[in-house]
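Take a look at the structures listed below.
In what follows, chain A forms one complex with chain B and a second complex with chain C.
== the complex of A and B ==
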C-alpha cells in the first residue's frame, strides 16, 4: 500500500492542488461550488483536457507541440464555415477536419522525427503557418454559427451530465488504456526515456514520435469542434489560449517535460487546476495582465516542482 | 588517423546570408531603381534595427545551445514601459532607457540562473518568463498607445553628418563589436560551451558563468530592441514583441547559426535579419496581400531551419561514408 501511495504521489499532489484551490475559493465566493457552476467548470476543463491528450503524448516523447493553438482554431472555424451551420454537412465535414488536423500533426512529426527539426521551432513555425494560412484564406473575417449537432455536443447534457464531460471520460479511459495496457504506450515511454536504448530494443523511434504528433493533431481537431459547439460560433484566435493551457495542464499533472514519464490522469487534474485558476482570476476581476503573469508563474513553479522530484530520484 | 584527414569546416557560416543579401539587394535595385538612395538605405536600416538587436541576443543564447523565448515578453515590456514613462528631457530619456536595460538584464539573469540551477529545459523557463513579462506589459500599458518624446524619436532617426542614420552606424558598430568579441576569451568560451559543455567544463571553463552571460546578454539586447522600437514607431504596445521570437530565430538560422549550439555568429544574424526584411519588402512590392505575410513568416522559419538540419544530416552521411 505504501509503495502504491509513493508511486502515485505526483498524481495525488496534482489532485490535491485542484481540490485545495477549489475549496479555498468556495469559502470566499459561495456561488462557486454550486452544481451549475461545477458543471460549467467541468465543461471548460474538458476542452483543455482533450487538447492536452495529444500534448501529453508529445511531451512523453520529450517534445512539445506549440501548434495546437491554431489546429484548434482551424477545426473550430472550419466546423462553422464549411458547414454553413447546417447539420447535414457534418457527415463529410467532421471526418475532413479530423483528417486535416491529423495531417498537420503528421507533418510536424515527420519534420521532427525524420528531418531532426527541433520540436519547439517546428511546431511554432507550423502554428504561424496555420495562423497565416487561415487569415489569408478567410481574408481575416471568418466566423459563422455552429451547426445544431455540434452545439448540442458543446452545450447540451443528458440526465444532468454534459456531453462534453461524457466525451472526455470516454477519451480519457481510452488514452489511459493505450498508455498503460498497450504496446504503443510502452513504446512511447521508452522513446521518451532514452531514444537510443529504445532504438536498440527494436522500437521504431521515428514512427512512435511521428504518431505522437499525429495524435496531438487529432485531439486538437476534436477539441476545436467541441469548442465551436460550446461557444456557439467561431472567431480568429479562438484557440490561442490552448497553446499554453495544454502545456500547463500536462506540467501541473506531473508529467516531466524532459519526457519519459507521465500519466494522463495527472493531466486531467492539471486541466481542472488550470480551469479553477482561470475561474478564480475571473471571479477576482483581475486585469488581463495579472492573469497572463499568473499563468507564467504557475507553470514555472509546477515545472520546478516536477523537476525537483525527478532530481531526488 | 581519420581526424587528420577530416576536412576542417573552414566555410564561414555567415556566407549564405551575405550572398542572399547581395542577391536581394540587386533584385531590389532592379525592381525599384527609382527608390534607391542613401535615404532609402537609412529607412531600411531603421526598419530592420529592432529585429537585428533582438536577433543578435537570441544568437548568443543559440550559440551556447539554449533558446530564449522571453525576448518576446521583454520587448513588449520595455516598449510599453518606455512609451509611457519617458518624458521629454535628456535625463528622463537616459534614466528610462537605463531602467529598461536593467529589466532586460534581470530577466536574462533570472532565466540563466533558473535554467541551470534547477536543470530545466531553457524553453519552458523562458516560455514562463515570456508570459510574466507580457503580463506586466499589459499592466503598464493596457492597450496600444503612449506618447514617447519626439526628441527621443528624432535622436534615434537623426542623420550623423547629415547622411547616415544612427541605425546604419549601429549596424557597423555591432558588426565590429562582434568580430572583436568573438576573439576574446569569453567569446571563445561561448563557442566551446555550445559545442560541448562537458568538454568545456573539463577544460576548466566556468560553464555556468558563460551560459549566464549569454542569457543576460539576450535580455539586454531584447530590452534595447524594445526601447529602439519606441523611438521608431513612436508608440508602445503590450504585444509589440509577440512576433519577434519567430523572426529572431529565423534571422539567426538564415545567418548560419545552428540551433544545437557552437556554430554561427552575430554577423550572419545581422544579414539574416536584413534578408528577412528585404523579402517582406519584395512581397509587398509584388502586390502580395498583407494577409499572406504571416504565412510566409512561418514558412520562412520552417524552411530556414529545415535547410540547416537537412544539410547536417547529409554532411553526417557523407562523413560516415568517407
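== the complex of A and C ==
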C-alpha cells in the first residue's frame, strides 16, 4: 500500500490540487459546485483533455507539439465549412479531417525523428504554416455553423451525462491501455527515457517518435471537431488557447517535460485544474489581462516543478 | 596507529619506475618527527550515512598517512562509493568527523572539497562530450581576461603543459571529447583531476577502462604523487593491480571497515575472504571446451570505414571466442557490426543464412544479443524499474494478442532475477538505485531475456566486484554448455586468458591472428598483436 502511494504520488498530488481548488472556490461562490456548473466545467476540461492526449505522448518522448493550436483550428473550421452545416456530409468529412490532421502530425514526426529537426522549431513552424494556409483558403472569413450531429456531440447529453465527457472517458481508457498494457506504451517510455538504450533493445526509436506526433495530430483533429460542436460555429483562432493549455495540463499532471515518464490520468487532473483555475479567475471578475497573467504564472510554476523533478532524477 | 609504527621519522623518498629519481613540484617538509600515538595525517571517524531503507555507512573509519597509497576494497554496495562521495562533498554524512593534518575538515559541497585539496577520478566519466579536450580539462577554472573572455591560447598552452608534465601522448586540445575512444576519455578524466593539484587524490575504478600500457603509466604517476607526500585512495577490482601499487589496504564490508593492514601482510585469498565475509573457491571456473561443429556466425571480408578491415571470423556453437589486442583496435566496431550499429560491407552469415544486419531489431530477431560496456548509457534505462528493463528487448515474448500479458512478463522477469541472482527489494525497484554489479546483472538479464543463441559480451565485468564477476563467469560457462556462441571482449587480459577457448587478436582494425587453446597466454596475445606467431 505504502509503495503504491509512493509510486502514484505525483498523480495523487495532481488530483488533490484540483479538488482543493474546487473546494476553496465553492465555499466562496456557492453556485460553483452546482451540478449544472460541474457539467459545464467537465465539458470544458474534456476538450483540453483530448488535445492533451497527443501532447502527453509527444512530451513523453521528450519533445513538444506547438502545432496543436492550428490543427484544432483546421478541424473546427473544416467541420463547419466543408459540410455547409449538413449532417450527411459528415460521412466523408470526419474521416477526411482526421486523416488530414494526422498527416500534419506525421510530417512533424518525420522531420523531427528522421531529419533531426528540433521539435520546438518544427511544430512552431508547422503551426504558422497551418495558420497561413487556413487564412489563405478561407480568405479570412471561415464562418459557417456546425452540423446538427456535431453540435449534439458538443452540447447534448444522454441521461444527464454530456456526450463530451463520455467520449473523453472512452478515449482516456483507450490511451491508458495503450500506455500501460500495450507494446507501444513500453516503447514510448523507453525512448523518452534513453533513446540509445531503446535502440540497443531493438526498439525503432524513429517510428515510435513519429507515431507520437501522428497521435497528437489525430487527437487535435478530434478535439477541433468537438470544439466546433460545443461552440456551435467556428472562427479563425478558435484553437489558439489549446497550445498552452495542453502543455500545461500535461505538466501539471506530473509528466516530466524532460520526457520518459508520465501518465494520462495525471493529464486528466491537469485539464481539470486548468479549467477550474480559468473558471475561478473568471468568477473573480478580474480584468482579462490579469486573468491571462495569473494563468500564465500558474503554468510556468508547474513547469518549474516538473523540471526540478527531472533534475533530481 | 597503522602505518605510523616504524616510520616515526618519515623521510620522503623520491623514485620513479625507471629508478632515475624524481624531482618534486612542491617543496616538502623533510623529516617530520611524529609523536607516538598521534593522529594519522588523514582520518575519517565514525562516519554514518543512511539512505531511505539502507544504512550505506555505519560507523565507518578510514585513516591514511601522507605518502601512502591506500587500496579501498569491498564488494559493490559495501559503502566504498558512499565514503568517497562523503569525502568529496557529494553526500553529507549523518554523523562523523574528518581530520586532515590534525585539523577538522568541514566539507560543504563538491566545490568546497576541491578547494580543500580533495579531488577524485570517477569510474563514471564526468567529461562533457560536446566540449573539446582543453575545455573539459579546465572546465570551471578557465583563465579569463578582464573582459571575461576565455583566452584560448592560454588554454591550449596549459593543456599541452599538462600533457607534457604527465608524459601523455598529445591529443589535439581542440578535438571534441565525444570523438575519443573510452580509454582516452578515461585518461583525460585522470588529467583533469590531477590538474587540480589536490592533497588527497581518489581513483575510483579509474583503471577499469584503460589499456595495460595506460594503466602502468597511471601507476607510475600515482607512485610519484605519493612520493610528493600526497595521500592516494585507490579503488579497483583488480587485485593484481592493487598488489603491485598500494602500500596499505582497507577493506569495507556492509558499510563499515573490517580490516586495515599493510600490503605486505595481505594476500589475495585473504582479501577476497575479508571482502565477502566468506571463502570463495577458484575465481575462474574450470576451463572446459564445449565447442561444436555448427557455425553460428561467419564473417567474410567484412569492413566498416577505417575502423574495421577485411574481417574473416567464425564463431561456433558452444564456443567462447575472445577478442584481444590493445585497446581501440576495432574491437568495439566488430561488436557494433554484429549488432547492426554500423554499416558494413562484406558478407555475414548467421546460422548458415545470409543476412543483412541493418539494425539492432533485426539482430535480436536473428538471435543475437549485445551486452554493452556502458550500462548507464547503453545498457539500462536507469529511471525505470528492473521489470521494465528486463523485458524491454523481449517485448515480442510477452505479448498476448495486442496486449502485454502480465503473467508472461512476470515469468520472464522472475526467471532472470533468479538466473543472475539480482539482489533487489522487488522487481519494481528502480534500476538506477541498484549497485553497479546488480545493474550489470540486470543488463545481462535484459539481453538474455530475448533467448539469444549468439552473445556479444563487450567488457561486461567493468567495475564489477569479484563475487559478481565469479557468478558471471559461471553463467557464461553455463551458456556455452547450452550451445550458445559467445564473443567475449574484456579490457582485463587476465579474464580473456582464463575465460576463452580461443582468442582472435585485433590490430588496427584487422584480425592480426588467432591464439588457440593451450597457447592462450598474455604473452602470446601480445606477440600476435605485434605480428609475431604464438609459441
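Following the convention adopted for this analysis, the second predicted complex is superposed on the first by the 307 of 313 C-alpha atoms of A that agree within 3 Å, B and C clash if a C-alpha of one lies under 4 Å from a C-alpha of the other, contacts with A are read in each partner's own complex, and residues count from 1 in each chain.
Note that contacts are C-beta pairs under 8 Å (C-beta built on N, C-alpha and C of every residue); 3 or more make two chains touch, one makes a residue touch a chain.
Nothing here was measured: the structure is a model prediction, and the numbers come from that model.
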Touched partner set for A:299, first chain B, second chain C, both or neither: first
Contacts of A:251 with chain B and chain C, given as first, second, both or neither: first
Touched partner set for A:289, first chain B, second chain C, both or neither: first
Winner by number of chain A residues touched, once chain B and chain C are compared: B
Which of chain B and chain C A:55 touches, first, second, both or neither: neither
Contacts of A:263 with chain B and chain C, given as first, second, both or neither: neither
Touched partner set for A:199, first chain B, second chain C, both or neither: second
Which superposed partner A:126 touches (first chain B, second chain C, both, neither): first
Chain A residues touching chain C - in the complex, by the definition given at the top: 3, 7, 177, 181-183, 186-187, 189-190, 193-194, 196-204, 260-261, 313
Touching residues (chain side chain C, partner chain A) in the complex: 339, 359-361, 363-365, 370, 372, 377-384, 388, 391-393, 395, 399, 402-404, 428, 446, 450
Residues on chain B engaged by chain A in the complex (per definition of touch): 67, 114, 118-121, 123-125, 127-132, 134-140, 142, 238, 245-246, 249, 259, 289, 291-299, 301-302, 305-306, 309-310, 312-313
Chain A - residues contacting chain B, complex: 64, 111, 115-118, 120-122, 124-133, 135-136, 139-140, 244, 247, 251, 257-258, 287-297, 299-300, 303-304, 307-308, 311
